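Each structure below is given as structure tokens.
Heads up, the next two complexes both have subunit A, just with different partners, subunit B and then subunit C.
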Partner chain A sequence: MEEFDGEPAVTVIPGVNSKKNQMCFDWGPGEMLVCETSFSKKEKSEMVPSCPFIYIIRKDVDVYSQILRKLFNESHGIFLGLQRIDEELTGKSRKSQLVRVSKNYRSVIRACMEEMHQVAIAAKDPASGRQFSSQVSILSAMELIWNLCEILFIEVAPAGHLLLHLLDWVRLHVCEVDSLSADVLGSENPSNHDSFWNLPGNTQTLTELELKWQHWHEECEQYLQDSTFATNPHLESLLKIMLGDEAALLEQKELLSNWYHFLVTRLLYSNPTVKPIDLHYYAQSSLDLFLGGESSPEPLDNILLAAFEFDIHQVIKECSIALSNWWFVAHLTDLLDHCKLLQSHNLYFGSNMREFLLLEYASGLFAHPSLWQLGVDYFDYCPKLGRVSLELHIERIPLNTEQKALKVLRICEQRQMTEQVRSICKILAMKAVRNNRLGSALSWSIRAKDAAFATLVSDRFLRDYCERGCFSDLDLIDNLGPAMMLSDRLTFLGKYREFHRMYGEKRFADAASLLLSLMTSRIAPRSFWMTLLTDALPLLEQKQVIFSAEQTYELMQCLEDLMSRRPVRGESDIQQLQDEDIETTKVEMLRLALARNLARAIIREGSLEGS
Partner chain B sequence: MEEIYAKFVSQKISKTRWRPLPPGSLQTAETFATGSWDNEENYVSLWSIGDFGNLDSDGGFEGDHQLLCDIRHHGDVMDLQFFDQERIVTASSTGCVTVFLHHPNNQTLSVNQQWTTAHYHAGPGSPSYSSAPCTGVVCNNPEIVTVGEDGRINLFRADHKEAVRTIVWEVHFHPSNPDHLFTCSEDGSLWHWDASTDVPEKSSLFHQGGRSSTFLSHSISNQANIHQAVISSWLSTDPAKDRIEITSLLPSRSLSVNSLDVLGPCLVCGTDAEAIYVTRHLFS
Partner chain C sequence: MVSVINTVDTSHEDMIHDAQMDYYGTRLATCSSDRSVKIFDVRNGGQILIADLRGHEGPVWQVAWAHPMYGNILASCSYDRKVIIWREENGTWEKSHEHAGHDSSVNSVCWAPHDYGLILACGSSDGAISLLTYTGEGQWEVKKINNAHTIGCNAVSWAPAVVPGSLIDQPSGQKPNYIKRFASGGCDNLIKLWKEEEDGQWKEEQKLEAHSDWVRDVAWAPSIGLPTSTIASCSQDGRVFIWNCDDASGNTWSPKLLHKFNDVVWHVSWSITANILAVSGGDNKVTLWKESVDGQWVCISDVNKGQGSVSASVTEGQQNEQ
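Presenting the complex of A and B:
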């Protein structure tokens, strides 16, 4: 566990009197809930909290910054492109692709930096201007570190090229130094350099370069020893600089903005063909010489030093501590992992470092109302724990419109997350039922393949029908198709509606058979039988005989079945007595109609056809 | 297909629409509106791709789209249409329908008219009032038709306060250059289906996964073809006879492309990756 440099910052929550009452809190995925309790800090039993609110406290301000959002979105595209790079590619082509990805990331950081810089300049109040400026310097530090990692780990520049890259690196980031001094210290004797560093054509080997440089170096040393320029102290000091004399360089310390500038300049003049593995020695001594024991290294210095020592894990660890969100370490680690630079040693909870960082980053995205969509893709590329993390997070996204729900469902269906699909559809179906949108509720339960809920909704439909005498959402019920089989009640609903359609189309014989079959096959709930029998009445009363004798017997059977199961009436009030009266009248009418139909049916079936 | 410009705008774009050009105008499209969704604060924004002083070799205008003005919008922008040159109608997830007015002299947007309870599950009179998202809006000056998750279809008149409810069912696109079809899809793709007869190669029609919205491009020339029947090449059953060239318009696929609009040779689309893409040279 790292030691803290100082006390953690105190955040005051408005309205909560922490001196008087105790506070309670609970952690969420990216936020904390805080409120006052009734328990007073003093021993007196005043059990009244003064603040009635529960506060949500967010730690990660970065995710909400408008400009940083562009960083997150653009880098998401680059991340996906990187994952899709053909694994078959090896060697040079793979390396050049990886370098290109790294440069893409860096250009996105730079674009963000520049935009934030513009905003900092244009800021109306100094406090926010300062905040933006500090954010700019954080981004600048990020780009500095990333650039160095690109040179050392991804580009893997060999001796010779290495210094050129380091020169570019320093030039790119030393923007405070005024241009004149940069010329003096950074690009001494350009003509000489051009002739030596003819590397684009790559016509010289490293040894040839070294020899040439040695020769030139010895010449300079000769001049110094001969005191050729003794008369002019400026020229002499220039000569010493060109020989890489550290003391001479340090005399110009104000012009060197930082120790790595000093390092590269020193290397330029003392050992331009430095090998990567020797870098750390020069780096450490440059840092010590530059600081001169006056100040201690800052976090950025330690990170750069770790990079020069080729200690990738240390770089990532220090960056994780120093930076306030996971964006940088997650993407850098992922890229380095693609360069096959990270040993796959597992952290004790089962995933490797790359995956751990990506999971942390993606979880942070899910805490944001909008950026959760980016998080999905990051989870996809975490082989061990990505899927279960996604399953947990995606159920908790608030769904306030159907459009958003459909997007979330599509994400789940694409990944065969059937449990989550069902769970989300159930939530939406419940919402729809509460809003009396029965058709919507039914579609959602069908999509969820939730038989129990489909039964519930169908019951509601039937109840509505009994109360109002007509169906709602006919287009849905009429076109259920095979989905009708989801639950018995739903099948009944569909078939019952079909009965009404047939009746409307005057296909009485078909309607009659269907009606009967609904009862005899026991699909119809018993509570509905009375309604069905009442529906049979108009068919019984038609001029022509619709129900056959056989069918009439069956209907009678159903009626008696229904009557026999009626509970014995006990004491009842007036309303119940009235209802009973209606019931009895209905039953009597039915019995009469059935009897009459039976008579006519028997006669018709007994007579000759065509008469 | 020439270059397409991308710009990351820190908001997920749910709808993009070109501002219609005045009838008889010879200009190309210059201004488009966007609506955002899924933010705690959503915005309706106006963007311009017009004159910024940079001319490319063909004399066309270069550079990406710039924000002219924006205004806060309560709830997600579910749909957005230009009512006329200055007014934009939006449908909100809070069930509200708003008409915004653009003031070109000081480049601002303001709320011109609003129907806050256009869509609801339980009405404003009831104790358990709950609003329903308004999912679509279409306008034909002076009328506006809206639909919502509550299953209502409302007809508003721009200057009246109350809705006049009728049962309007169909929404028509009016194609004037119907050989070209553009689709944008949930899987992040944007396709141009070109069935014009002078295309030499043929490709087969294939189906894009996910929900997609289609758009037949309309040119500024005339609206006289309104009642023409849908062109035959799309309905033809002989794939060998009618050749359709299908081109992908976006450089890389990421998140869902939610909305697209075409006006003349200009196309604009917005994605869930918080980016807006504009191209001005569709048919070159």
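Presenting the complex of A and C:
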């Protein structure tokens, strides 16, 4: 049976204290809505003053911090670089790459810390100054933890090197100079110290070092026993410290800023060649000794302890609870996963802890009007649920500007998210239609490959033409290209416009053929035939014969078709029939023109044959 | 960290019954016992009243935003037995349609997935569910399911659109054949699943029985691409159940008890990625739940209204992975 550690966190919404009413709740795309309400539906509400406020609450408010934004942006670049590290790489070269990545992350944290520190100092009012300072300490704690994780899990420093790394680690985080070390270095037996700490690049093995150290340690013990320095209590206490005497060390507590400083100093003098697996023992006792039963460990202490115990999962879990956003745990876990350190637990959400945390982090980024773009890349590297999460989130991005819409579309198209593309284009197309921007609507429906909508917009174009006698957005229609094939109506629109162009260029024969084909091929909607036939009139009235006899017969057939109202297969009657009178007159004119043309055509064709 | 980022003063003169964010999180619609529906622009932490819509003659129980591809459309339902559809035309909000086909209070309205078209389901205390489908040119077609629940229907919720059968692309221009489904909860203690048949009629497909008192709310979880379907239900009996259906045909549903509360549970809703369920209970709290590895539901956060000067900063604990 699962136990969830600790009670769920409680968020109190400041508001009217009313024991009578309940809380109404709803999800927004990125936030939550809460308001006071009464669920029991009565017609008349009781005369209880109700609260007219609606509270919009959100987690991940950190995304709005200006300074942290740099952290998010730069770490995003490091994250991507890490994902692209050649999987083939193994052994030392891989390890050094991973260590470099870790150091990069840390330098980004430090840079952010520095900047926030500057802002904290420059803050005008003390309240915000305090807020920034607390952010600085949080960032500092994050770097402290990350650094330790780097030493223990990524660098995997062996005995000997381990202590050196830990010394650096402590030095980096302790502002004041370690005056004890300074003392020791300047004291008795400096030569022994020098040669001992010449580790980098020296060829001594660990055993040799241990022997040397043992020898030196015994020498010091000898001095103590012989009371060589009995006359000088200061030197004696120094000697005790050098021997790693805990009590002596603790006497200098004010110089030690915290328990891990104490730990490392202690190790320096009592067991400098400490092995990684023995660390936790020293860590626990250092913590206990340092706190001395006066105070209890803080979350940070527990996290560090977990690290010393090499309990990676515990570290991540505690960090998740202690920190206010997912940035830290998401990136650290991802890096540790690349080091192949995480056992795969199958979680419901995401294939493992790494994916779970990345999903949470990326979702948080989508709450921000521009950081969401970073979120896209994170979702890309979540193999199980990344894609569907991206689909759900990307549709909710408000498309305030065309530029933003295009950006979103490009992202969807690159990932073959056809449903989302269609949906977004449809939204934009409809918005365009409502604002009477037919050209825009048409381009969006073409991009969406939405045939039905393209038909709708084409119809609007044609209706506009009938009403005004000219086309809008000629450029677009003229350059449709293969997109014309999307829907029959669109094809008709394109071809019809082509007819007009041909006519304008005086390519009458071509225009005539095209016009006829539009009817005979049934591409033209029946409702438009009258218009087409009327368009044929000027061609029929030309001095030269344009329509051949056969073509004229076909035109006549079309006219009769139309008049008999024979239902043509595949047509849908959209347009209203024209006024009866006007139609009759038109039909008369057409019949006359067709007859005349037929006569002329027959004569012309007959003559040609004859000669 | 969960914090209050905006407080909107709706100036409603009476109890607020529902508040809904639009698709993009830029607009907020609220409704109240004062018979009005209000719309606010809440971008960038602000609050600008866009519309104060009057038309109902009784307390308004729920509002629902349609998908943005249909424009800016909002539906509201009320004690006055009416459902009103409001539309924004040229920058102003107006009543676009009124549906008065019920004999009793209309308790719940829910828009279908946009893939199906513009369809609204309405549940009423007269026990019937009506479905309004927009057919164009301001016309709405009505289908009614009489006696869907004896005594009354309290909630309706649509299933997410899933194209049935193979994943082969439909030829362009043709609409894929969606199987439309929705769930309803009623005073007969039942949750019913409804399916549209080929002839356009709605048929009761399933009865889900587990509650011992009126079902107050049902919520069908958004699809995250897994083959399972999930529904949450809550009831007067204080219980919240999570129903799961594993097979694609949608035949066997099994309930899992999320929690038994000490009071009526009124409202359940899923976050957009379906990973968190919010439960509004009679105990003045909203609790947030997540499913853990072994399938147990774990409460991750308590949102509590009460006295206090500052909202405590809390974090959502990550789910237990052991």
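FYI, the second predicted complex is superposed on the first by the 519 of 611 C-alpha atoms of A that agree within 3 Å, B and C clash if a C-alpha of one lies under 4 Å from a C-alpha of the other, contacts with A are read in each partner's own complex, and residues count from 1 in each chain.
The rule is short, and it goes like this: a residue touches a chain if its C-beta (ideal position, glycine included) is under 8 Å from a C-beta of that chain, and two chains touch if they have at least 3 such contacts.
Since we're looking at a predicted model, the values are computed, not measured.
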Once chain A of both complexes is superposed, is A:Y282 in touch with subunit B (first), subunit C (second), both, or neither?
neither
Quick one: classify A:Q373 as touching subunit B (first), subunit C (second), both or neither.
first
Contacts for A:I54 in the overlay, against subunit B (first) and subunit C (second): which applies, first, second, both or neither?
second
In this superposed model, does subunit C or subunit B come into contact with more residues of subunit A?
C
Looking at the overlay, what does A:W213 touch: subunit B (first), subunit C (second), both, or neither?
neither
I'd like to know which partner A:Y223 touches here: subunit B for first, subunit C for second, both or neither.
neither
Between subunit B and subunit C, whom does A:Y553 touch in the aligned arrangement: first, second, both, or neither?
neither
Under the stated touch criterion, which partner chain does A:W27 make contact with: subunit B (first), subunit C (second), both, or neither?
second
Considering only the touch criterion stated at the top, classify A:W529 as touching first (subunit B), second (subunit C), both, or neither.
neither
Can you tell me which positions in subunit B touch subunit A when the two form their complex?
8-12, 37-40, 76, 78, 93, 121-122, 130, 132-133, 135, 149-151, 186, 210-211, 252, 254-256, 272-275
Using the touch definition up top, name the residues of subunit A that touch subunit C in the complex.
2-6, 8-15, 17-19, 21-39, 41, 43, 45, 50-62, 313, 317, 320-325, 329, 345-349, 353, 356-357, 360, 363, 385, 387-389, 392-393, 395-398, 423, 426-427, 430-431, 434, 449-452, 486-487
Residue positions on subunit A within touch of subunit B in the complex are 66-67, 69-70, 73-74, 76-77, 80-81, 369-370, 373-374, 400-404, 406-407, 410, 435-437, 439-440
Would you mind writing out the residues of subunit C in touch with subunit A in their complex?
1-21, 23-26, 28, 30, 33, 42, 58-59, 61, 68-71, 79, 105, 107, 114, 172-173, 175, 216, 222-225, 264, 266-267, 269-273, 275, 278, 280-282, 284-288, 291-296, 298-322
